[in-house]
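Got a structure for you, questions after.
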Amino acid sequence: MYRVTRLDIEDARILIAGAAEKAREIGVPMCIAITDESGQLIAFERMDGGKVTSTTIAIDKAFTAAGAKRATHDYGAVSQPGKPAYGINSAIGGRLMVVGGGLPVIVDGEVVGGIGISSGTPDQDQACAQAGIDAFLSAQ
Amino acid sequence: MYRVTRLDIEDARILIAGAAEKAREIGVPMCIAITDESGQLIAFERMDGGKVTSTTIAIDKAFTAAGAKRATHDYGAVSQPGKPAYGINSAIGGRLMVVGGGLPVIVDGEVVGGIGISSGTPDQDQACAQAGIDAFLSAQ
Amino acid sequence: MYRVTRLDIEDARILIAGAAEKAREIGVPMCIAITDESGQLIAFERMDGGKVTSTTIAIDKAFTAAGAKRATHDYGAVSQPGKPAYGINSAIGGRLMVVGGGLPVIVDGEVVGGIGISSGTPDQDQACAQAGIDAFLSAQ
Amino acid sequence: MYRVTRLDIEDARILIAGAAEKAREIGVPMCIAITDESGQLIAFERMDGGKVTSTTIAIDKAFTAAGAKRATHDYGAVSQPGKPAYGINSAIGGRLMVVGGGLPVIVDGEVVGGIGISSGTPDQDQACAQAGIDAFLSAQ
């Protein structure tokens, strides 16, 4: 048997709150998704004004970051033309996100979930994802 | 009528065992998929710690390699921007994999199945796929 | 944080072996799928002669049983015309299986995974799924 | 290794010709699909006036009949409300067809492919599928 530690719903709320605070600070209403370590959705919030196209994108960024145990922007780097993972962006029916804004949530070296943000630029999305993680780790 | 030779379930287990041994050697837990020559799944294993996003990717690499009778990294080369197969990665609902790690299994010049590996770098995935094939061919 | 216990790859092999033994006993080659408690595939085998249409069905039965924490035949009962869950069979892109042959794997009252079988009648499929679970529980 | 006999393209043409002759006889232009024993498409013809919605339906009937090794109308019988396979019609993304008109092609007791017909009533579709098989078996 295999033992796994993952985010619970309270953790997910803290991650969302941290990301939303950063989103308000930079003035970009965001879609914010939190998954468990298996990539399954735990919580989602679309801030008033968040893009409806970003709902799926945020969920898939969190799914990718948790499931693949790496930041989506890292996939962006290795999937550029000529790079080894070129073309990976259309895998899993297009769910494999290579655009920044998805980060694994890591505790004691283990991936316990993922956060995915969408509606801003990839840099803005990633900054909000990091803010969510910072808030979560501070609360531990 | 058309006569076809394909992998059976015992062959599939040998391929998986060979790939898994290499995966343990390099320290990367892998998702390993074996298809018959029609691209239909015969067997699959996700080693403890293998990425959940890699389940579909491994299956689709094996599907692509068997069905298209070529290594997925060969598709990577010809699907770069400006190359003839540019954009092929999103074909078949994204199942056409152009990232390394999928190899056709060939016996007596005939494709009899496919092996697809995912969770490491494409080079690591491909090395494990080759190790599976080597184990299978040694057992013939 | 949330702590979860799930099947590992060794457990999955025991479940498959137990189901396959029963399948040979009744003379029906089966597709056998094992998922973790999140419904993510751990292992799959299509016995020689198993139906290719049953690959996805077996995987989705295991997904449904683990994810919904109930046997797929229980969904069959409550999704009949006029019953409360009527129409649920086409949910999740058709992945929600209401045909017998999918069972949750339960240890100490907790769902730790799912087993899904397909290629025979639903009763045969279910008997093989139960045989897999019996083999697994005996080995604990 | 596993040895399989399947329809070739000449066989597929004979099956289509036999089905189309029956379709002309009853005055219903049909979509006619032939798959190999793995459910993969070998040939397809939409007679002038055949329904475009029937393209996918014919292909999926042939896929189901070959892959599951049984007539689609048999699935219709066992998937009625209250029957064991109720709800199976939405499996495999809806590709599992339970409407008559799909028949496995059997030679020497082995399924070597499938034929699927759509555009008429299920009875008409099935009659044309049978006519295709009769033409094929007569030509052996």
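For clarity, chains are labelled A, B, C and D in written order, and residue numbers in each chain start from 1.
Assume contacts are C-beta pairs under 8 Å (C-beta built on N, C-alpha and C of every residue); 3 or more make two chains touch, one makes a residue touch a chain.
The model shown is predicted, which means the values in this text are computed figures rather than measured ones.
Peer 1: Determine the centre-to-centre distance between subunit B and subunit C, using the mean Cα coordinates as centres, and give it in whole Å.
Peer 2: Distance between chain centres: 25 Å.
Peer 1: For subunit A versus subunit C, what separation do you get between their C-alpha means, in angstrom?
Peer 2: It comes to 31 Å between the two C-alpha centres.
Peer 1: Between subunit A and subunit D, tell me the centre distance in angstrom, where each centre is the average of that chain's C-alpha atoms.
Peer 2: Centres of subunit A and subunit D (C-alpha means) sit 45 Å apart.
Peer 1: For subunit C, jot down the residues that touch at least 2 other chains.
Peer 2: In subunit C, 8, 38, 40, 48, 52 touch at least two other chains.
Peer 1: What topology does the chain touch graph have (line, ring, star, complete, other)?
Peer 2: Per interface graph, the chains form some other shape.
Peer 1: Give the pairs of chains that touch; include all such pairs.
Peer 2: Per the contact definition above, the touching pairs are A-B, A-C, B-C, B-D, C-D.
Peer 1: Where on subunit A does subunit C make contact in their complex?
Peer 2: Residues 1-8, 11, 36, 38-40, 107, 112 of subunit A touch subunit C in their complex.
Peer 1: Spell out the part of subunit C that touches subunit D in their complex, as residue ranges.
Peer 2: Listed in rising order, the residues of subunit C that touch subunit D are 48, 51-54, 56-57, 60, 75-76, 79-81, 89-90, 93-94, 97-100, 121-123.
Peer 1: Going by the contact rule set out above, which residues of subunit D touch subunit C in the complex?
Peer 2: Residues 2, 38-39, 63-64, 67-69, 81-82, 84-96 of subunit D touch subunit C in their complex.
Peer 1: Okay, in this complex, where on subunit C does subunit B touch?
Peer 2: So the residues of subunit C in touch with subunit B come to 8-9, 12, 38, 40-48, 52, 55.
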